[in-house]
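You will see two complexes here that share chain A, one where it goes with chain B and one where it goes with chain C.
Let's look at the complex of A and B:
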């Protein structure tokens, strides 16, 4: 089964790598970049929430830290956004460690609530601390051509986003196969039993949340440079935190390919509806979110392993029939 | 200022204003929070869609006023019945299947419900900010230099009446006792022949009716839009965690504390930063006393 999934991933990332050589349509490339970026960011969420079971509803906090760090460093202080990306990672590691520490004291809904509160604090700070962040006006990021300034063509952005996606997919595969991954699964499935077996559950939870935070910040930095604008009410929003979760859950929580499958489905339908209906009536694009809200309810109940689980079931059924 | 010096008249007046503002606000927060904490106490589910039911209540008041010229306070009894029914429907369709599921399944079931309801409102009524201004919101009552409008005072009074009615129901009726018994020990309640499915259905419907009614009450005070529930539900989380999730009396005290922090915070650091205060308070409570200020220690580590 894992072999099929790896082949699926190879096909997916291979197609993404070849597509820009054939198709030069800006709309198509934009969709592809966003699919890869949201997929990678959902994979980052998956590290803490899927593999380690520390379900966060506040990952927008780390995304926003990354986005603001890159935007401030490049737009405000005229330095390379790559330096901003590193700053964002450093800040997110600090914030992730604090949140990870909280996860040692709080389980289930308590932890999810504390992550929401944390992202809301950052939202308020970013939208009110006018001298640093320009407040609710947001920060436009000027386009300066070059790799060092991250002023890239659409085609180049596809490869940056693809590199990010491959890296995060690699991290997930590592978590599925390594000793660390098995220990995290132990923490997720039964923390008390894991603790009794001598697994340092507290340290592992902090590690997983911190790693997830750092990966999310990198995605946030790159997103800010690609989109060219940072709006506090978007980058720190609960909607964004839910988006990471939604992609992953629909694709398959705790699976390496799941976040990317979810992102393909959700991002492409969203961009399609946006392009088709944006002029018709404000709010009409909300239709896809109604569908996804309903799908989310159905998936967590009937298909806890998401699309990946569906594929597994489809393959498992004939085998069982033979036996 | 010398702390031993007796308070001057100006300070006493300022203090009185802060106290009155706190109580008025706290009463409304309490009605929003009791539904949340009741649902958690009995069903062990944090309802992440709680704010969306509040938002629907606000829209109900908005449309009743705009289309039918009906005063929100006349709509209130109807809203209780409507939201009770909506609670029964959402329980049967959505919640019933996940009562015995893991926390993560429950979290994302209510998150999914929240996303769907929010966007139903967005598609049906657009993202515009809407207002209603019934006659009583123009009637100004003065206390010293602070002005309150009549809507605020009536909303507070009705919220208190509804909250007390809920407490009386839980305390003195048979059904209320059965609900409290289920909250205390689900297994023992089942052994005593209590139909827990019926208890959960009622609990959910009552919680939704309470927050829907709260939405109707706050509609003349705040603007109405699809994500209007968010600011209130975030407050309600702070309230119920302060009071101890599932603790009804704790929710009342928590409401007063959060309202106090908001009122005093606006007075001292300005309205722009007041929300930071109660979120920091929230995080501090989660770190130091996660079972709530008045709760039993250890409840949070059970994830219960």
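Let's look at the complex of A and C:
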């Protein structure tokens, strides 16, 4: 089963690596970059929510911290966005530790609600603290060619996004095969039982949430540099937090490949629907949201284990027939 | 080996455990009985670190473990099972037990191999790849014990691992508990199945309204007037057991 998934991952990432050599269409490359980035960011969400069971609906907070750190450092202070990325990671580790600590006080839905509140607080701060963030006007990030300044071509961005995706996929695979990952699964399944088996559940929850936050911030920094604009109402939005969760749930929560499969489906569906149904031409502005919602309902109803579960089912059926 | 000194635990106005002192020697198997609400599970929760007692100390090998977190107490060699079993439902039986083994073993492969041995001991090997939540209650109770054993405890607290089992499962569980005891693990066993308890334990303590009202060999306890009044209802004859 795992072998099948690993081969699937190899195939997907391999195709992503080869695509820019063949296709040069900017629209296609843009979609590919976003699929990889949203996939990686959903994988980062999966670390805390899927593997450790600390379901967050406020991961936009960490994304926004990363995005703002990179944008401010590069646009406002004229330094390399890579330094901004490091700053974003440092700030996210601090914020993640606080949120992770909260998970020891609040469980389940209460934890999820507290993460939403946290991201909303950051949204308010970012939109009101005009002297630093320019408020709701947002921050345009100037394009300065070069790797150090992250002014890259579409093709180069594909490989940056792919590197990010591979790295995060690797983190997830590590969690499936390591002592840490097994113990986090114990925490997710039953904290009291995990404690009885010698697992320091509080410490591990903080660790998982912090790691997840740091990975999310890196993605946020890169996204800001790629898109070239940071707007508080987007980067700290609940929509964004839900996107990370949706991709992962649709693909398969707590699986390494799930977030990427979910991202492929949702990101391409969204891009396609938006292009097809938006604008004055059709008068169907916003219909992509309805279709998006319908897909989610169908997946949750018929594929509770996500797209990855589909592969499992396909494999399980012949085995059952033999037995 | 395990020593409770005047342990008291209150919940608001209710005193669930009152000034319980108990000394358990290495290698002993002590049964704990008492009516529902007598404070048996609360006592386990205090000993294993889930509740901090309001008064009194708990010592393991002379070391004060009062107020330590359950995971720290587990690392010192004392763990427990739960009356309402708490399997890691979405994981396989083998993974459940592997997580227990990983407390001592850092290497995943070594932990897996060890978990397989534990499954063998507990008669769970045929179910290794089954999802824990798919097991019937009898096997889930056994998994609860297997997982705890994988941490290689020196003291193990078993909370009603025999409740709700059919006669065949019950016999297998009694056999398993005997084997664990024979391997030198010190056991504290909460049980309502009196017949099994009378056969297993050479020492039984009785809790009633949070107080320890009797402590001795099964025959003596079963004949104790206070125990009969509080719990057994009528004299329990060993011949029936």
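Note that in this section the second predicted complex is superposed on the first by the 304 of 323 C-alpha atoms of A that agree within 3 Å, B and C clash if a C-alpha of one lies under 4 Å from a C-alpha of the other, contacts with A are read in each partner's own complex, and residues count from 1 in each chain.
Everything that follows uses one rule, which is that contacts are C-beta pairs under 8 Å (C-beta built on N, C-alpha and C of every residue); 3 or more make two chains touch, one makes a residue touch a chain.
Everything quoted here is computed from the prediction, not taken from an experiment.
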- request: Identify the partner contact of A:289: answer first if only chain B is touched, second if only chain C is, both if each is, neither if none is.
  value: first
Query: Counting only touches as set out at the top, which of chain B and chain C does A:192 meet: first, second, both, neither?
result: second
Partner chain(s) touched by A:7 [first = chain B, second = chain C, both, neither]: neither
Message: After the superposition on A, what does A:113 contact: first (chain B), second (chain C), both or neither?
response: first
Message: Quick check for you: in the superposed arrangement, does A:245 touch first (chain B), second (chain C), both or neither?
response: first
Query: Comparing chain C with chain B, which touches more residues belonging to chain A?
result: B
- prompt: Is A:297 touching the first partner chain B, the second partner chain C, both, or neither of them?
  reply: first
Query: Shared contact residues on chain A for chain B and chain C?
result: none
Field: Sites on chain A touched by chain C in the complex
entry: 177-179, 182-183, 185-186, 189-190, 192-202
Message: List the residues on chain A that touch chain B in their complex, please.
response: 53, 55, 57, 102, 105-110, 112-114, 116-118, 120-121, 124-125, 128, 238, 242, 245-246, 249, 281-284, 286-287, 289-290, 292-297, 300-301, 304
Query: Where on chain C does chain A make contact in their complex?
result: 48-50, 69-72, 74-75, 79-82, 86-91, 95, 98-100, 102-104, 106-108, 111, 147-148, 150-151
Statement: In their shared complex, chain A is touched by residues of chain B numbered 46, 48, 94, 97-98, 101, 103-109, 111-120, 122-123, 125-127, 226, 230, 234, 237-238, 241, 245, 272-273, 275-276, 279-280, 282-283, 286-287, 290, 300-304
